[in-house]
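Multiple structures follow.
First chain A sits with chain B, and in the next complex the same chain sits with chain C.
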Partner chain A sequence: MKIYGTEIYFQKRIDPITGIKAVFVRISFLLLGLGVAGLIFLFNGINPIQAYYDMIQVNLLLIPNTIARFIPLLAIGIGLAVPFKTRVDNIGAEGQYIIGMLTAAGTAFLFPDLPAIILIPLMFINSFILGAIWAIPVVLFRAKGGFQGADVVVSFLLVFPALYLMEWLVSDPWRDPETGFTYSSLLPVNARIPKIPGTPIYISIFLVLAIALLIYYYLFRTVNGIPKTKLGYEINVLGKNPLAGRVAGMSFFKVILITMTFSGGMAAIAGVGEVAGNSLRLGVKSQGYGFTGIAVAYLGGLNPLGIIVSALFFAALKVGGLALTGIPSTVLQLFSGIVIFFVLLSEFFFRFTIKSRKLS
Partner chain B sequence: MVNTILMFNSIVAAATFFLLPTLGEIYAERSGILNLGIEGMIIASAAFSYAIAYSTQNVWLGVLFGMLLGAVLSAIHAIVSITFTRTQVVSGIGLTILGTGLSGILGRGVVGKAIDTLENVNIPILSEIPYIGEIFFEHPIIVYISYLLVPICWFILYKTRIGILIRSVGENPEAAYNQGINVNLIRYLCVIFGGMMSGLGGAYLSLGYLNFWSEGITQGRGWIVIALVVVALWNPLGAFLGSYVFGAFDVMQYYFQLLLPTPVLKMAPHLSTILFLAIWGIILSGKKVKSIVGAPTALAVPFEKS
Partner chain C sequence: MELVLEMKEICKTFYGDGIVVKANDHVNFTLRKGEIHALLGENGAGKSTLVNALFFPPDSGVILINRKEVDLDNPLTAIKDYKLAIARQDLSKSLIERHTVAENILSFSEGFFLSITEIEREIKKALQKFDLGDINPKAKVWKLSGGEKQRVEILKALITNPDILILDEPTAMLTPPEIKSLFNLLYQLKSKGVSIVVITHHLEEAINFSDRITVLRHGKVVETLETEKMRDHRGNENESIRYLASLMVGKDVLYNLHRETIHSGSIVVEIKDAIVNNDMGDTVVLGINLKLKANSILGLAGISGNGQRELIEGLFRWRNLESGKIIIRGKDITNKSINEVRKLGVAYIPEDRQKALVFDLSVRDNLMLNSYKLSPSFFINYSEIVSETEALIKQYNIKATSPLSPVRSLSGGNRQKVVVAREFSLRKGKDLILIAENPTFGLDVGTTQFVREELLRKRAEGAAILLVSSDLTEILSLCDEIAVIYKGKIMGVLTREEATRENIGLMMGGANLSSSKEVLA
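Showing the complex of A and B:
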């Protein structure tokens, strides 16, 4: 690009930025992104400094609430990072999450008399299975779809049948007979996930954190830059160079089937926690965690340890967003979109620098 | 009979909404850039054009600003995916989420507020043809523009030098670059044209078709557009056919409420899209078919000048 006799061009770095330095680059790009969001606020007549100040204050007051919001975001983020690594772009986590909520509620309504120690694990297992099944069409389209982006389109389109199914369930068969409003009855007492006393944090946080660490340990942990396990290695190779992986005899279909099953299941688990730990009943609308989860996964660098941090960040945004009066609920998606773009740009600068030279 | 004509009339109205962004996306994909941000661009410009029309009391100013916003948003995708050579899929997803977020802020002042929207203009002689006239020629002007755009887009893509340049850039960017063609410039123009068409589609949605603004107004129809480009086999004439088929699916949910339960009908557009994609996916997975159809080979492959 030439501007006033000076040429600006990109130069490949000899050593790409990695490790702790990459974290700093990413954080500075994140701050730039927050600045851009602030500008958008400013153009729409909202004082960004006041808004950010309010958001921080609310979070300091409501730390337990932030941690409660962190649970579904972490589960979805971890679930998405694994298929993203193999370049399967599952953006339908929202649908899998809703299916998880429906299955959990359905299981609870079917067996309200089972003791909690059996009922709650059963809800998790059922939801994981149905969430995984909901994700399988994406695998088929990714492997056999015949054109670019089929997986993305199909995974998104599958959100709507799930949403309309929930709409119908709460407006007819599961409608609360006591109030008659379009939400379901409260979940039976045995189906409610216990909370840490005095806080809204339900104890599936330990399950989700354990899964995050296990996934890190088994799939992402590297020795000299090479993943330690066979599956982790295959995910890495197929994501970076699918052709090389296939030539080496790896089954692309098998690997993405495993990753997507896990992804759908994790989103569903997030749904179980939300309905049995937080809201205790189904409503007409869902919270949109599935879409925020995409930004959580990318901001975390598709690494479970990074995702723990980025899920906390987005949970804080979510809780802080409640503090902004007169701002619609889509503000979280505004942040998510901006963050995705700035993460993409930061990845560019891991590998390139901008240089300029005078043209004579 | 009256009811049937009304139904076909509303199929045309719904189909126009699918047709406009599909034409734009065909150009973007023909030049090799997959823009998955259609949904975001449509919903943001639907909100923006409604808000502008509300505050200026001028519908056409609203349409214009809707198109401008579409162009600006698509330019973000172009910068990230062309200049910075980042993954087009992720950038498009980002654009969709960003657009959805923007729509909430841009439209927050006009939720549920009524304004004068685009009026139906009856074309003098044509609208008097029995049946046909009532179905095709009693619509807002944007619908007529869409009729004209189909042959124009087809002609430019297949019969002019510009069209050859666009298709060669999407087919083999290296070869085009070595011929001295400015690959990135052509891709930028095509993506921004796509953004303007999505903006026009969004403006039409809120100002000409549904005549209101509320959050989540698109109901994911932007993703159907991306499927439509495939169903249309990257051809403007195919886009015309496909849009009318999907327009029919979209309208059916209001006309068959007595026959089938509502949730099933609401799912119809999305499920039928998935079904179409499955059939097309099987057809297109053959390499021979792909070359006959002319699906852009370099689609979604970042082009780095070596």
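Showing the complex of A and C:
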């Protein structure tokens, strides 16, 4: 790009930004996003500083609610970080998440009389498997097809069958006979995930946190540049340069099969928690956690420890929305959209620097 | 004689990742009206770069067309205003595979409204007029054979009725009768006053069909000759071919390397009747037989693009063989995975550094690319990897600020040292099978010497080595046996004693074996 005899151009970074500096870059982009979103508030006649202050206040009052929202975001974020690191873009976590909800509800409706100790784990296992299966077409098209962007297209398109399946199920076979509204009946009591007494936090938070830490320890953490497991190393190499990985004898298919099925399974687990721990019934709309999860994973720097923090942030954003009364709900969506956009924008600066030179 | 084109002091330098290549170094070139001028040289000599200077500005230099200095800053001005036309070598970039023949040529049509049927009619007429055979203008390009694609590319250049026609390796995909009819066509055009540049590395083509020949080597002009005069002077055609070959490959002295005489051991790798297709689906390796022996370096000489890449990729299981067999240590690996080939001790130094290194990962990550697999469980053996990578860095003297700094931050020479260290340490002694593709390409003098010495050391330790190189001096200095590949076939395998720069140069240029033997006799 040329402006008045100065050429501005992008250059690939030689030394990657890491550590504290990376956190700093991410936070500054976040602030930039909040700033731009503030302008939107201003146009709607709301003082953005007051609005953000209110959002913080609401979160402080409703800490347990924030944590309840944090559970699905963390599960999806962790699940997405793994394929993202392999440079397979699973942007269809929303679909896998919905499939998880459906499977959990279906399992519960099918075996309402099983004791909770068996039924709830069964719901998790079934959902994980079906969520993983929902992700497999992505693997096949990406690894065996000739089209590099197949992961994006296929994973995204698979959201819609899941969504419409849910719409059909709640408007016909699973429709609540008592009220006749388009949502399902309540889940049987045995299928409800226990909560920490006095809070809306359901206990699968421990499962999700444990998985996050295990993934960090076995796949992401490096000591002197060496990951703990072969799979962790293969993810690193194939994510940075699949060509070199394949020459060394790695199987791209195998690695993305593992990462994508894990990702689908995790999104589905988030769905189980949401339906059996929070809403207790299916509706026609989903919460959009699957798409927010993409931003959670990137804001967390594709690192489980960072993702725990970023999932908390996005959960707070959702809960904070409660404070913004009197503005259209579309503005709220616009608000989170802008924040997500700026978070993803920062990824560009991790890969490129902007330089300028005088033209002679 | 009227000069239609003059290029003066053309310079062009390419900067790769850690590599600097002076593709054109003060090149002077002239083209007379109504002549066929052959640009001759090995791959990487700078032929294509030189003609590309007519379509994209070079780093420095002056271009005159009809004695007027011109500013050719984009291909369209060159084609429309100065009546230049080019048929390019890389058809996968020059033709749009998903479009039809007519749609590919449409981009050159004049006028505001485009009529595809008109173009199709024009194409049919032109095909007949130029005698380029029968091609359906409605056919999608990806469905065409290599030869048909080549003819479309030539037609694309001809259809603009150029004054100056440039053909970059026009015969690579054509059959002998097609080549003959192409040159007949060129003679016709020439008689109408069209000036033609033909880029080639086929010596016979240059001698038989051109009026003048300019030989390029390492980005510089070696000589410009009048073909007639040279033939008269040299007496017969064989003599001329021989002279051209020597100009093309140069007279560099062999490198001074410590090379022990060792007798080659048993056969380790056998390639039997290998037939391999390239990405476009054309058969480019036509039944090759080669044997790799322990304690020995087999050189594969040839101008690149004659099937070496596909042969190596086939050998390495990156690409499927159409037919034939590959046997490593008695095991048929024809349908095995890359990983299984690797497990048999096959180390590989690819020409493309992208295939060898992960630039964004650390030196250590890159050094452990083979050895991380060694532990039997899911886990990586931490202490072993640390000590091994530290040892390799020391042994191969890799200069990096720390084992954790990314390979991207290393110099070109040190990057290649990382590859060499990793691959050479894959197995010890006789267990190592090494495939090296242009392992010294673009390296500084010191590292080049180092890599060559390492190759010889591994040979002495018992390894079986296949060295693919477009650098003849390198092949002659290192190898025990030299196979020369030309158009997907092995022209012959020479022992170190039989091989001379001249007869290899001849075989590389496609002079057939019997005539080259005559020359030698």
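The rule we apply is simple: the second predicted complex is superposed on the first by the 303 of 360 C-alpha atoms of A that agree within 3 Å, B and C clash if a C-alpha of one lies under 4 Å from a C-alpha of the other, contacts with A are read in each partner's own complex, and residues count from 1 in each chain.
Operating definition for what follows: contacts are C-beta pairs under 8 Å (C-beta built on N, C-alpha and C of every residue); 3 or more make two chains touch, one makes a residue touch a chain.
Bear in mind the structure is a predicted one, so any value in this text is a computation, not a measurement.
If you stack the two complexes on chain A, which partner ends up touching A:Ser279: first (chain B), second (chain C), both, or neither?
A:Ser279 contacts neither chain B nor chain C.
Should A:Asn241 be classified as contacting the first partner (chain B), the second (chain C), both, or neither?
Touch status of A:Asn241: second partner only.
Quick check for you: in the superposed arrangement, does A:Pro227 touch first (chain B), second (chain C), both or neither?
Only chain C is touched by A:Pro227; chain B is not.
Taking the superposition on A as described, I'd like to know which of chain B and chain C A:Thr182 touches: first, second, both or neither.
neither
If you count the residues of chain A that each partner touches, which comes out higher, chain B or chain C?
Between chain B and chain C, the winner on chain A residue contacts is B.
In the superposed arrangement, which partner chain does A:Asn190 touch: chain B (first), chain C (second), both, or neither?
After superposing on A, A:Asn190 lies clear of both chain B and chain C.
Who does A:Leu157 touch here: chain B (first), chain C (second), both, or neither?
The answer is first: A:Leu157 touches chain B but not chain C.
Touch test for A:Gly249: chain B only (first), chain C only (second), both, or neither?
Only chain C is touched by A:Gly249; chain B is not.
Regarding the shared-chain residue A:Asn303, is it in contact with chain B (first), chain C (second), both, or neither?
A:Asn303: touches no partner chain.
Which chain A residues are contacted by chain C in one complex and by chain B in the other?
none
Report the residues of chain A in contact with chain B in the complex, numbered from low to high.
Against chain B, chain A makes touches at 40-41, 44, 89, 91, 137, 141, 144-150, 152-154, 156-161, 164-165, 167-168, 291, 294-295, 298, 326-338, 340-341, 344-345, 347-348.
Chain A touches which residues of chain B in the complex?
34, 36, 40, 76, 80, 84-87, 89-106, 108, 215, 219-220, 223-224, 226-227, 230, 261-263, 266-267, 270-271, 273-274, 277-278, 280-285, 290, 295, 299-300
What does chain C use to touch chain A in their complex?
Those in contact with chain A are residues 318, 337-339, 341-343, 348, 350, 352, 354-362, 364-365, 368-370, 372-373, 375, 378-380, 382, 385-386, 403-404, 406, 408-409.
For chain A, which residues count as touching chain C in their complex?
Residue list for chain A touching chain C: 14-16, 223-231, 233, 236-237, 240-241, 243-251.
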